[in-house]
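Same chain, two partners: subunit A is paired with subunit B first, then with subunit C.
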Partner chain A sequence: MAAITCQGLTKRYGGVTAVQALDLAIAEGEFMVLLGPSGCGKTTTLNMIAGLEEISDGTLLFDTRDVTRLPPHKREVAMVFQSYALYPNKTVAQNIGFPLKLRGVAPAEIARAVAEVAEQLELTALLERRPNQLSGGQRQRVALGRAIVRHPSVFLMDEPLSNLDATLRLSMRSLIKRLHHKLRATFVYVTHDQAEALTLADRIAVMQGGVIQQLDTPEGIYERPANTFVASFLGSPQINLLRQGLPRPGWVPAGREVVIGLRPEDVARPGDGLVTLSGRVELVSPLGSETQLELSVGEATLTLRVPKDWRVAEGETLDVGVDPARLHVFDAATTMRIAP
Partner chain B sequence: MLARFSYDDRSAALLVLPVMAVLLVVAAFPILYSFWVSLHDIVLTRPLRRPFVGLENYWRMLGDARFHTAVLRTTVYTVVTVGVTTVLAVGVALLLNENFRGNKLLNTLLLLPWATPSIVNGLMWKWIYDPTYGLLNAVLLKLGLIEHYRAWLGDPDLTLLLISNAAIWKQMPLAALLLIVTMKAIPDDLYRAAKVDGATVVQRFVHVTLPALRPGLMLVLVYETMISIRHFDLFLIMTQGGPGDASYTLSWLIYVETFRSLRFGTGAALSYLLAMLTFLLSWLFIRAFGERNG
Partner chain C sequence: MQRKLMLGFFSVLFVLYVAGPVLWLLSSSLQQESEITAVPPNWLPPNPGLHNFTAIFTAGDSAEYANRGLSGFLPSGAANLLPSLYNSLQVGLWVAVLNLVFALTAAYAIAVIDFRGRRATLYTVLATRVIPDIALVVPLFLVIRNLGLINSIGALVVTYLAVTLPFTVFILISYFEGIPRDLYRASRIDGCGHWGALRHVYLPLSLPALVAALMFAFLTSWNEFLFALVLTQSAAAQTLPIIIAGFVMDFTTSFSFVNAAGVIAILPPVLLAVLFQRYIVAGLTAGAVKG
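Now for the complex of A and B:
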């Protein structure tokens, strides 16, 4: 296990800066998720930690060891790729044992380690198959096996579940979480999928434009987004962000231009302490356990998630209650969160 | 009878019929006719007597000392040409697969020898090796490596290698191009995974590049072997089988037997033997390098 410290980590490609002076301290055994849209610099950051991208500026420490200029194999990291990156000409057993073979481990010891990992990942029956004879989920389990077989201090995962279908993604997500609990190693996990980030992470670093927008626990990121980008990137459906149409909390200084945010699920039947919003139901989308609807309030249209027993019909007028304490307030000019 | 086939099947058959007819005339007929010729004792100096001799032409050639020499020369020439072409092509492909300034220009220049007609290539190298005005002599003399001009193609120990060199010059670019295409298809993540796993540059070549190159290598080996084993134009232009029998290959023997001695029967039998040898070698390469996992 190792703590990872990024100090002013920067990556430039010619005149383009992909990652800008990134400071990030990942604790030993922590599950850190780098979350953001395509091109935000999260994979570049991961590659710099792995040693696959040269660091243009800044320092990278594993515990107190400076690894900034070390090649990947001297950093003792393991990496899992979105494409699985399994060697097509090697069997499952050979793929898993390959890092050990390169380190000159004795064949008997490799066989023992491979058998142990295969048992752990339920791959024992597949050891003699080649990657093209495996399903996507099996391939990703082999890739995980190749990563854990040599007990690295750091696990790096680059969108490992993106190529899997929804059902498989859920089971693989649980598998990765169980692995982290069991190994207690440091995990750095890159994804653009907020559900993966929220369910797996101890902490999430939300990135955009090569800069960390917010670093916090999943709850902190969701409940207290640092700016409008983070607020709108997490949550499905997206948070409602409006300059007008939503109640303005009393503590917001008069005359200050603000954007008010309301999570779609933060509404209730009108009641005490709630501000009532009245509008026309434009669209109703039943989701099974709840109902998503679009409500026209004056000029604005709000997307809301309400319990299915509300029995709302399109075209009718609906009153909903909003707790002002649940509203998010952002400065209109800087887009940064304003707290009371 | 026709009703057993669907409208689509019948339409497709009608559309491919002209091509099949042309192929029958230009491919199938000559193949079958040359086999028929190989079973007869046909000599153009007595065109009216064409006795059927069965496989006698084949047995006679298999026991002929010239045939043994030709097989030996062809083997040496093919092994050297295909071997060096493949190794050089892998090296050039590895180089041109990297990103560097001037890469595109080099890729274009690489194709120039391949685009040169065979006859021009043969003449060019014959001039380079020429004992009186050849470039090779001039360069080696300037470098102090030789004391006087030499007749390179007249040296029986060097002739085959020098012709082979001319063939490699022309054939290597296409082989390199085929391998570059295969290399471009290797996912970058495989190299990155190997780096993280701890593989050195050589280990990455052995464990990632080479296995992925198998289809490309198979194509190169089969194609280059088929070309080299039947090579004729360079031998005709540069040495005509000489000096002595130093460049007396199977193709040259077929030419001598058929067009100089006018023994079409044995010439056709030799052609069939060469074709069988080509098929055998191609089959071996495909077995050795072909996809194992279907």
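Now for the complex of A and C:
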């Protein structure tokens, strides 16, 4: 097991700064997710932790050991790639056993470890196949097997589920979560998929422009987004962010320019303690378990998620209740959250 | 229909143009001197026989010299033919093996490791191939002479290595760049250093390119004439092209003998090409398109 400490981690490519003085402390056994859009620096950060990218500036510690200048093969980390990165000329068994072979483990011991991992990942029947004879899900399980076979203290995962179809992604997601519970190793997981981040993470670091925008638990990130970027990056459909058209909570100082945020699901039937918004239903999209609406209130259009039994029709007028305590308030100039 | 006919006609014409000299070489190597020089020519051997090849393999034997008679005389230096074949093989194999060692490591460094001056190195390597060989003959002669290598197989090996390496490095770089970068990353994470990544990832996955590069190096050495002419002066180090060319420069030329020698000269490359044909095509087009 190892705790990972990034102190002022910076990566520059020529004149471009991909990661800017990143400070991040990942506890031993923690599941940390780096979340952000393409080009936000999350994969670069992961590669720096892995040793696959040279660190331009800053210090990287595994526990108290300085690994900043250590090559990847001396860091004792395991990594799973989006592309699986299986060796095409090796069988499944050889792929999984490869890290052990490089460490000079005896063949009998390798065979035993490979069999154990294969059993765990339901790969036993596929051990003699080559990667091109496997499906995407099977390949990713082999990649996971290659990572866990040597019991590393740090697991790095670079969008490992992005190439899988939706159903497979769900089952692999729970497999990874179970693995984490079982191994209790430190996991650093990169994704742009908020559902993966929210379901897997102990804590999420939301990144943008090479900088961590917010570091918090999934609940904290969703419930108390630090700025409008984080607020709009998490949640589907996106949070409604408006300068006008939403009720302004009483505690916001008069005259201050703010952006008000309303999560699509934070509406109810009008009632006590709720502010009523009235608007025209522009679009109704039934999603089975609930209904998604577009409601035009004055000049603004709100996207809302309401229970399926509301039975609304396009063109009709609808009243919805909003709890002012559930509104998010951001400074219009700095985009940062303002709390009461 | 007309298009097909035209295509067929020009294809046959092209094949005849390319294969004609080779077919004539084969045919005449099985003929007597008088049959070769006959007018009209004998396209097919009237009395096919292996006498010319027998002459080559017994060229050192003076009795055979006498036995060949007037129409089948042996050129002076015929006895050097087999030693020169051995020299050619030695030079070709050394150049191929050394190419493997240097090209693999150089291509790996340029394609995989991100070091300062990487682009400049690549362009420098490639630029050396823009200079025509003839311009290098005299400077190379001086260098080789000062190294004390003149008239040795070593002189040819060093020279051919310099001539072939840029291209073999280039073939391998193109191929290496086509190998997914994640495989390299995975191997580094799994515990490989640079040598390990080269051995476990790049070497096994670039067999077609390696075969193509080795073939190129071997064949270039096998066929090379200009440097061999300048850098070697005695039969001890001379290669096949020089010895065979020497047969033609006598007052009289034994076409039958020269042609039989020619057949022997083309055998190793043809055998290699047939053996590795599958790899060569894949290797030479390597890097042309991203898989």
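One rule holds for everything that comes next: the second predicted complex is superposed on the first by the 340 of 340 C-alpha atoms of A that agree within 3 Å, B and C clash if a C-alpha of one lies under 4 Å from a C-alpha of the other, contacts with A are read in each partner's own complex, and residues count from 1 in each chain.
The rule is simple: a contact is a pair of C-beta atoms (placed from the backbone, for glycine too) under 8 Å apart; a residue touches a chain by one contact, two chains touch by 3 or more.
Every value quoted in this text rests on a predicted model; they were computed, and no experiment measured them.
Q: Fit or clash for subunit B plus subunit C once both are placed on subunit A?
A: clash
Q: Of the two partner chains, subunit B (first) and subunit C (second), which one does A:338 touch, if any: first, second, both, or neither?
A: neither
Q: Examine A:99 and indicate which partner it touches, taking first as subunit B and second as subunit C; both and neither are also allowed.
A: Touch partners of A:99: subunit B and subunit C.
Q: Identify the partner contact of A:241: answer first if only subunit B is touched, second if only subunit C is, both if each is, neither if none is.
A: neither
Q: Using the superposition on chain A described above, determine whether A:77 touches subunit B (first), subunit C (second), both, or neither.
A: After superposing on A, A:77 lies in contact with both subunit B and subunit C.
Q: Would you check which partner chain A:133 touches, where first means subunit B only, second means subunit C only, and both and neither mean what they say?
A: Once the two structures are laid over each other on A, A:133 reaches subunit B alone.
Q: In the overlaid three-chain picture, which partner chain does A:88 touch, first (subunit B) or second (subunit C), both, or neither?
A: In the superposition, A:88 contacts both subunit B and subunit C.
Q: May I ask you to decide whether A:275 touches subunit B, subunit C, both, or neither, giving the answer as first, second, both or neither?
A: Neither partner.
Q: Identify the overlap between the subunit B-contacting and the subunit C-contacting residues of subunit A.
A: Touching subunit B in the first complex and subunit C in the second, residues 50-52, 71-73, 77-79, 81-83, 85, 87-89, 98-99, 102-103, 146 of subunit A appear in both lists.
Q: In the complex, go through subunit A and note every residue touching subunit C.
A: By the definition above, subunit A touches subunit C via 47, 50-52, 71-73, 77-79, 81-89, 98-99, 102-103, 146, 156.
Q: In the complex formed with subunit A, which residues of subunit C make contact?
A: On the subunit C side, the touching residues are 180, 182-183, 185-193, 196, 200-201, 204-205.
Q: Note which residues of subunit B are touching subunit A in the complex, please.
A: 187, 189-190, 192-199, 203, 207-208, 211-212, 214, 293
Q: Mind listing the subunit A positions that touch subunit B in their complex?
A: So the residues of subunit A in touch with subunit B come to 50-52, 71-73, 77-79, 81-83, 85, 87-90, 98-99, 102-103, 130, 132-133, 146.
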